[in-house]
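Same chain, two partners: chain A is paired with chain B first, then with chain C.
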Partner chain A sequence: MNALTTHAPILIIATPLLGAFAAPLIGKLGWTVRTAFAGAIAALTGCFAGLLAATLYTGGGAPIVYVLGGRLPLPSGLAAPIRIMLEVDGLSAFMALITALVAVVAVLYSVSYWKERSGGALYDSLLFLLIAGVFGLVLTGDMFNFFVFLEITSVAACGLIGFRTWRKRSSEAAFKVMALYTLSGLFVLLAVGLLYGQYGGLNIAYLATNLGGTMVDRVALALLIAGLAMKAGAVPMHMWAPEAYGEAPAPVSMVLVANSQASLYALFRVLFTLYGQSLSAAAVGWILIVLALLTIFVGVTMALVQKDLKRLIAFGAVSQIGYMLLAVGVGFAVLATRPDFGLTAITGGIFHMINDVACIGLLFLAAGAAIRASGSRDLHSMGGLAHSLKGTTVLFAVGAFALAGVPPFNGFASKLLIYESTFQLSPVLAVIAVLASIVLLAVFVRAFQAVFLGPRLIARPEPVPWPMVASMVVLAAVVIGFGLFPGFFIDKIVTPAANALWSGQGDYIRAVMGG
Partner chain B sequence: MMHIGNLPFIVAMLLVILGLYALLFKRNLIKMVIGVSLVETGVNLFLVTLGYRAEGIAPIYTHAPTAVSQVLPTPQALTLTSIVIGLATTALLLSFAVLVYRHYGTLDVTKIKELRG
Partner chain C sequence: MNNQMSVIVRTITRITYGLTIVFGFYVIMHGHLTPGGGFQGGAVVASAFALLLVAFGTAGLKGKLNHHLLQTLEEVGALAFLGLAFAGIGTAFFANLLANSGAVFGGAVPAGPNAGVLNSGGTLPFMNWAVGLKVMTGIASILIAMLIGLRKEAAE
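Here is the complex of A and B:
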């Protein structure tokens, strides 16, 4: 195994972090150098993520442990895992691939998104910081580092949401989002403190071997669920999500969706790996299912009444978080009895993550292009953009159909798995999920018609530059590719991730604790 | 030495609850920032208290004398990190509050009504 492969887990985090702190300096050298640098960092990060995933999959899916600053056990012979540690299993690698996709697409799109050519270096800096934070969240094997990365993403995300300081709404949205993000981070920290106080460790694998299901453990779990569901944008703590997605620049909205998914990943990690069967999984699973149904319902109904294009898509994004939560909640609810549909549900939920980030991302990017071209984001004053923005029109339609779960796009492939498996637990769940998807289709058909069809309302919209089109095409390729060959992708990347949750707790612990 | 029992934990939780109250029910943005800051202080106090050992010495020895107990070092490291993070978040929140004030001329959340629904 060569050095690059060995150190890939930390390089994935270190490269965008270097990019974040070097960007303001490199920015002094002019627009061309700055753009080339950002592209190089994004490409390099993507390569490391691909390398890590390839190493994991060829190694049979056994978790990769990376210990920072030394070896384990310690030179003194102490075996307790007290060093800072990254641990990558099938699910972490899958999330790293999602983040890498989002990072590359966001950087490519940002090249020509900004009309101003100054100030962009600071934007690059924050964007890379956010990306480094999301990678950290999904790769870390330690609860406290998890909190640190959570706060890194919070600070960077809010910096990006409020980046356009000249806009009234951006500052307001950034304040609200920051307050809620900080609160969610502190809930997590309090829970980490409760766990540390009992077991004297912070490592996830170490904690998982010791958790005994005491009252304090349950309080910690409640705090973790509250904090992480808040940061993922699940109802009833979803108020920040439409404002964050709606007010952030278009590429950032897409990265924020990946950030929410990273929090969702953390929730799954806590439930399946940290707690596992040390608690009555059915009750917690049903809590998640109820939260998920509320999220789907609120997201879809609020999307119905929006007049602002980006807020409409933002509520669509909220509803999709509900689908993932629903599927994995069903999986967790049946963890004790382990019927086959539990694994199917988890597979569907995990597969929906990458599908969601691709189609919601595509919608945000296409909407960003339309808003940039027309100078408006109000559904009533846009219109007829299909006459001049043909490519963007097609790409938006692809994203909208995929999101609503229309075959042959990718949203259908994962939603079908979710419908099938939730139906077996309770038909009501599947019916609600299907109905919500139909309403969502109606919402997006209406938005599509208002923005792109009809008479020309904007006399001369600006053309969409090629890097923006190229980045949207990449996402559209993912949307269509995953929709046409779902079996291949489920087999290659989704099944290892689903197995890591369903039956991987033992492997995850053994990789660190031995035995 | 006076025995204080669980008093520090109770004080920490009181701080958290006070902060949450301020965050939820105060209408002034600055007071909301103070609320967030109080929650943070409460959590930090909780962490430091976790590591406290009665009559313990500072955890600065490689080969500690075994006769006396040491205060746990990890919670202190956590708290220091958390304080630094808290500084960044508070500064960011306050700068957004300043921006909001410049745009709207008020810090009262009920009067800032651009984002609704």
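Here is the complex of A and C:
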């Protein structure tokens, strides 16, 4: 292993952090230099994430541990690991790939999204801070560092949601998000504090060896589930999500989806790796399933009544979080007996993460382009954009069909796995999931018709610059590629991630604790 | 802009602000030995700045400190911290490559109870200074921004 591969886990976090810190200084050198710098940072980060994932997948999926400030093995004579650690297993690497995809696309899209060229350095700074935070969330192997990264994403996300300070609703949304993110952060902090007080350690692998299902463990679990489900935007703690996705600038909405998925990842990590079978998995699994069904139902029905394009997509995004939660909840509920469909469910849920971020991201970006071109967000006053924005129209349609789970797009591939596996636990779950998808199709057909079809309502919409089109094409390529060759991608990247949850607890612990 | 406070407050401020800054620098400098460190020391220094702002108003600051300078210094502090972390990447990110090297802050610490050796800690004191610089300038720019906001509100 060469030096770059060894240090890839920390470089993934440190590079966007460097971008965040240096952006305001670089920004003084003018627009061209600033844009080139942002592009370079995003590209480097993407390369490191790809390198890490390639190393992990070719290495047979054994977790990679990176110790900050020293090397493994630990200082001798210690029973518990004390250093700051990053631990990367199949699922972490998968999430890092998602984040890298989102980061590169968001930076490319942002190049020409802003019509004014000043003030962009602060935007770059916050965007890179958010990206660094999301990478940290998915790569860390330490509960307290996890909380720190959670707060980093919260602060950066609030700044980005309220970035357009001249609009009253943006500031309002940012304030709402700040309040709820802080609340979820405090839940997580309290849980981490309880576990630390009980076991005297913060490392996930160390805690996992010690948890025994006591009352303290259960209280901590409840706090973690509540906090992380809130940050992921699961109903009934979803009220921040439509505001945040709706008011944030379009590329930020997409990164926020990845941020919500990182919280969801953390929830899975806590359930499968930290707690595993030390608790009554079926009961907790069913709690997740109920939360998931609520999320799917409320998300879809609320999307049905929206008149604002971005809020409509935002509720669509909320409903998709429900699908992932449903699939993994089913997987967790059957963890004790381990039937085959449990692994299928988890595979479907995890595969749906990358599919969701690609098609919801594509929808947010296409909507951002349409809103930028027409100057309106109201479904009733946009109409007829297909006459002048042909590329965006096609791309929006691709995203909408993929989200609704229409073949041959990627949403179908993962949703089929979810339907099949949840059906075996209880047919009702699959029926609700399928019905919600049909309603979602109706929602997006209506939105598509209202925004792009019909007579021209906007006389001269602004053309969409090529970096925006290019970034949407990248996402569309993912949507179509994953839809046409689902077997290949499931085999290569999704199965290792699903196995990390389903049967990887032992490996995760051994990588740090030895033995 | 006559938003100064009374002569008593101004006189006390003239005496104490220097002491506060020195104490803040002390907290940063001894961060690797005593409770405190870059963040705490930086906050203490910024509190001296807050004292000046409250006692003399923003008019007294005009031309001496502006938020562009503060922001630049803040970025320099953050980048210095990250740079120090990167410096150790030969071993691992954040590795302390100056500790026990004999260079500045590279002194060895004797075993057992001692009064604390200032010339130790390796990269830690440098990181404390980087964080201190970032925190003092960061809080100072926040204070200026808040004061400007308050004045605007009062003017409306």
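In this section, the second predicted complex is superposed on the first by the 508 of 515 C-alpha atoms of A that agree within 3 Å, B and C clash if a C-alpha of one lies under 4 Å from a C-alpha of the other, contacts with A are read in each partner's own complex, and residues count from 1 in each chain.
Definition applied: a contact is a pair of C-beta atoms (placed from the backbone, for glycine too) under 8 Å apart; a residue touches a chain by one contact, two chains touch by 3 or more.
Predicted model only: the values in this text are computed from it and were never measured.
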- Item | Partner chain in contact with A:His387 - chain B first, chain C second, else both or neither | neither
- Message: According to the stated criteria, A:Gly69 is in contact with first (chain B), second (chain C), both, or neither; which is it?
- Response: second
- Query: Does chain B (first) or chain C (second) touch A:Arg510, or do both, or does neither?
  - Reply: neither
- Query: Which partner does A:Gly159 reach: the first (chain B), the second (chain C), both, or neither?
  - Reply: first
- Of chain B and chain C, which one contacts the greater number of residues in chain A? B
- Message: If we overlay the two complexes on their shared chain A, which of chain B and chain C does A:Phe21 touch? Say first, second, both or neither.
- Response: second
- Task: Classify the contacts of A:Ile10 with the two partner chains as first (chain B alone), second (chain C alone), both, or neither.
- Result: second
- Which residues, counting only chain A, touch chain C once they are in their complex? 7, 10, 14, 17-18, 21-22, 24-25, 66-71, 84
- Item | chain B residues within the chain A interface of the complex | 16, 20, 23, 29, 32-33, 36, 39-40, 43, 46-47, 50, 72, 74-75, 78, 81-82, 85, 88-89, 92-93, 96-97, 99-100, 103-104, 112, 114-115, 117
- Contact footprint of chain B on chain A as seen in their complex: 82, 144, 147-148, 151, 154-155, 158-159, 162, 165, 168-169, 171-176, 178-179, 182-183, 185-186, 189-190, 192-193, 196-197, 200, 202, 243, 246-247, 302, 305-306
- Task: In the complex, go through chain C and note every residue touching chain A.
- Result: 71-72, 75-76, 78-79, 82, 85-86, 88-89, 91-96
